[in-house]
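One chain, chain A, appears in both complexes that follow, with chain B as partner in the first and chain C in the second.
This part shows the complex of A and B:
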């Protein structure tokens, strides 16, 4: 029976190229938008290279100081000293990596300027992340203690600076802002959308211009706290809060007197959200993302519902004829359900190919260097499911009503 | 084989009530060819629709092969329509999206019949109405007479016991109309029971029995 319905569906679809096109267009658009968007969100927020341990990492990236008497407020990353005292000393985590937010520097090759994003890190930074070393290795505690002028560079920078993609450059020197650094390792770069690990060149924090000896609470450093297990998150947060709680208040930091100080160890998503909203009002961010998704999906979905309803209404007389010749209401209902599922799945196939295409385009455009967007298959499945729900609601409810229609009335229309 | 007892039909709309059928009693016997006549609006279509289980009477009883259909559910009614009845409409009611062959196969879709047998039976039915050379056509590519012949093929493909034809020649010129009547006559000769609404006295002459309606009442 199903193959009958499928054959029939196919015939009906082919006989109505315009409606078929509109319907497919609606479904394809809905699914493509959804998939590309989610893929992008996943790229931003998911667990990906080199932050492959993001699942069990907490990020400490901001310190908020409030002057409650003057309504003043200071916010930003922390000093190396602060992180060393209050984060490195945590007992619960497996490890803590420290790095600066990325800074800027220039280097020249054959008189041509290359703009660089620089990052100063400790040795554990290379342990809480999983960079892919295509050459050499990371710097160690010993390099740091010795204050060695060494650097880890990206394969991109190697290509630009050494104009060579093949030969090892470990041991060669790179001149950045008139200081010579010995290349110790070459990594596959991290996309800029992962700002805590992104950079073109990485130095030990004891290298020049890192400002790691600055006193005070605020500075340019942040910490990635790697838990042994996700389940340790609450314990780590509590321990961190208790560490920070030991700081007597009010305090004066760089001439700013504050009575309150908040800083949190957050999973990446919440850390990301708190960039836009200070405090922990992440539900709002979830709501906004949810609302946007709903809007983006809603418009094509409404179109889908419209097309479906009018498609079925137009077929009232067909329903009348079929019933007159012995079609039970149930058979007609099935016919429309299968039609809907069929067209939705075709739309899904188109959307999948289109999304792949768009994502490949984004990945290869260089718009985001090192972009690695992928189709998230659970998202794909979910989008298809949503489409099916819409398709069924819009197709089946009217079809149900039509199938209950009195034959004489159906025939008249 | 099809019996109507005290059938009433009242159409109710918000403003008016129309008594379309008033106490109709009719017994259709196997092999009969009955014609129904009467002025426009007298209830002929209503009667045929009720006989064909396309509409429900407001009063009275319908029995098919001795069993009353009053309490039948959708599924059982559908089976009766499918197996015992074949309808021919004045305006053909073919499905434009489907080819001639697919249109004729419709009644068989709701039975346990393989695709191959469906096709064979539909081809056979189309041969009977002289349209085996138009199977791949679509309704829009056919003349009125051809459309009605397709509709007849669809009505007979499932070998129903009773064929109900509501002004089958009403939209056709007299030449085509006579062709259609010849086909119906032949089907009746082969054993089919037929009830046909017509305006044409000459056609009514060719049937066994005449039922005449006037304002919803049976006068003959």
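This part shows the complex of A and C:
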């Protein structure tokens, strides 16, 4: 029976290749845009290498200082001293890693310049993240206490600086801004879209130029707080708030007197959003972006409905003939349902291969180095379902109504 | 004719309302994307006003070193200027061309005040960036002794503050209440430049003011270096080594303006290209759909066409009827879309000039009508070719 319906569907689809093409085009386009978009969002916000513990991590990245009149405001990452006093001392978390936001440096090899993103971290940074060590190992508390000039570099930098992909470079020296660092480990690099772990070269925070000695509250450091379990988040946030609450106010920091100070430990998504959601006009901006997205998704849907509705009349005589030869309304209904599912699935297949291609293209283009976009199958399933609903509403419902027509009326048209 | 068309459309309001929604949605998407493009294109067509080729930026950071910062910076500047490869060098505040940093402040002349981008630079700045002056001169070392800080303003700020008045020699004030101890709070205009679009071609030509940097300034330690053509990374390495020897423990970061310009442009271009690709596909989708719907509609109206032809309507008038129907429908949708679109210039969303939105609206209307006409043309021609005898016979 089913195979009969499928054969019928196939014939119907081939009867008007142009309309089949329009329908498929719409479904494929909508699904592809949705898939690529969600896979990019997942790449930005999801739990991926090297932040494989992001789902149970809290990020402390910003300190906001305000004066009473709210005229002046200072905002930015914190100093090492602040994080050491108020974050490292937290009891609830499993571990706390500290790192700088990225900085820049240059290194020169054979008359060629390599631009480097630098990061100063503590030893726990390597424990709250899970970097793949291709060679060597991370620096430890011992290296930090000794103030060793050591560095962990990425495989990409190894290729550029040592111009050799195979041989071990551990123990060799890399000259960055006239200071020689001993390479202690080589990691697989992290994509630039993960700013808290991205870098080309990582130094212990006691290495030169890290400014960890700064006494103020604000500086260039941030903390990644690894909880034992996601359920500990509220406890950690409360503990952090009470730690920070002990700081007497008002205070003067870097020539700025402030009476209010806010800082929060947030999961990555909220931390990410707070960077963009700052300011009062954001609601307008976001409603416009939302409206635009709705349009982008809604247009193909309207188009699909439109084409389907217009084509119903064309099928009237077919329905009339089938009814005249004794087909019950149920059989007709099934035919339309299967027809719709069939075409949606074909569109889905196209969309899947197309998004796969686009994602491969993005991953390999070098547009984002170390990009690791993947297809999210739950999103795929959800969007297929939405397409099916639209297809059924626009194709099956009018067809069903038509199948209830009197045979004479149907045949007449 | 129009009344007849309206009647025809009203008769099939059910399916036509769906069509109107579709065209309206396409109009809104087009309006959004075109606003983005018109805004950026408008800015792109205005020159940036300075020369960035062969210019390097050296970012000095004193880190934990806190002794004699100003003296060391002055020494470093002298050393940099002494290299034969360096054509000219200038100190600048952190908002160097194409960087992510911006600084702005309100400046006033008598009662008129305006926000302006603030740049602290020194005497060599206009030479380093080939920034030509349209009136007056760039500030000179002698200007330091004067009571108020010498400043150069751009044309935009001149228009805002002075209108037609000659700005040279006029004294500007600063609304900023927290004046730092060593900064003078009045500014004397010594020159005018045409444009300075520091963030690249896609930036709006904002009002700008260049202030002479204090000789003992400790904070602004960025240096712009114009190198002679053919200078490569070997010199750069030497430069970094020499500076590192003069100021141990300092961070020295060198970048090229050509590179930062490219990064800056990508920030603008990548979203525009993504939107263009997506909306291109969307419109193709809509156009195909429209074409299909019209084709079906005309197939269903063969008898009507046959009757009209039999009554003496020419091929041209049948084509005109179907094209006209589509145009009326499109006009309905566009009017509906306009109700939404005009809110943008009225409410001044995103602080973009109303002209940008109006151009985008006009362009969107044109594109919608072109698409509708293209989609309706072939089906209408086919309708016109219907043989009256055949069509009536089928009936």
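In the analysis below, the second predicted complex is superposed on the first by the 394 of 413 C-alpha atoms of A that agree within 3 Å, B and C clash if a C-alpha of one lies under 4 Å from a C-alpha of the other, contacts with A are read in each partner's own complex, and residues count from 1 in each chain.
Here is the rule we use: a residue touches a chain if its C-beta (ideal position, glycine included) is under 8 Å from a C-beta of that chain, and two chains touch if they have at least 3 such contacts.
Just so you know, these numbers come straight off a predicted model, no measurement behind them.
S.K.: Quick check on the superposition: with chain A as the shared anchor, is it clash or fit for chain B versus chain C?
M.R.: With chain A aligned, chain B clears chain C, so fit.
S.K.: After the superposition on A, what does A:325 contact: first (chain B), second (chain C), both or neither?
M.R.: first
S.K.: Applying the document's definition of touch, where does A:189 land relative to chain B and chain C: first, second, both, or neither?
M.R.: neither
S.K.: A:299 contacts which: chain B (first), chain C (second), both, neither?
M.R.: After superposing on A, A:299 lies in contact with chain C but is clear of chain B.
S.K.: When the two structures are overlaid on chain A, which partner does A:25 contact: first (chain B), second (chain C), both, or neither?
M.R.: Touch partner of A:25: chain C, not chain B.
S.K.: When the two structures are overlaid on chain A, which partner does A:138 contact: first (chain B), second (chain C), both, or neither?
M.R.: It touches nothing on chain B or chain C.
S.K.: Answer with first, second, both or neither: which of chain B and chain C does A:398 touch in the superposed model?
M.R.: Neither partner.
S.K.: Between the centres of chain B and chain C, viewed from chain A's Cα centre, what angle do you get? Round it to the nearest 10 degrees, please.
M.R.: 90
S.K.: On the A-aligned overlay, A:348 touches which partner chain: chain B = first, chain C = second, or both, or neither?
M.R.: Neither chain B nor chain C is touched by A:348.
S.K.: Quick one: smallest Cα-Cα gap between chain B and chain C in the superposed arrangement, Å?
M.R.: After superposing on chain A, chain B and chain C come no closer than 9 Å at C-alpha.
S.K.: Please write out, lowest number first, the residues of chain A touched by both chain B and chain C across the two complexes.
M.R.: none
S.K.: What residues of chain A sit close enough to touch chain B in their complex?
M.R.: Residues 4, 8, 11-12, 15-16, 317-318, 320-331, 406-408, 411.
S.K.: Under the definition above, what is the set of chain C residues touching chain A in their complex?
M.R.: Listed in rising order, the residues are 15, 18-19, 21-22, 25-26, 28-29, 32, 59, 61, 63-64, 232-234, 236-237, 240-241, 244-245, 249-255, 278-279, 281-282, 284-286, 288-289, 292-293, 296-297, 299-300, 349-350.
S.K.: Can you tell me which positions in chain A touch chain C when the two form their complex?
M.R.: Where chain A meets chain C, its residues are 18-19, 21-22, 25-26, 29, 33, 103-106, 108, 111-113, 115, 177-178, 208-209, 211, 213, 284-285, 288, 291-292, 295-296, 298-300, 302-307, 309-311, 313-314.
S.K.: What does chain B use to touch chain A in their complex?
M.R.: Listed in rising order, the residues of chain B that touch chain A are 49, 52, 54-56, 74-75, 78-79, 81-83, 86-87, 89, 93-95, 97-98, 102, 106-107, 109-111, 115, 154, 158.
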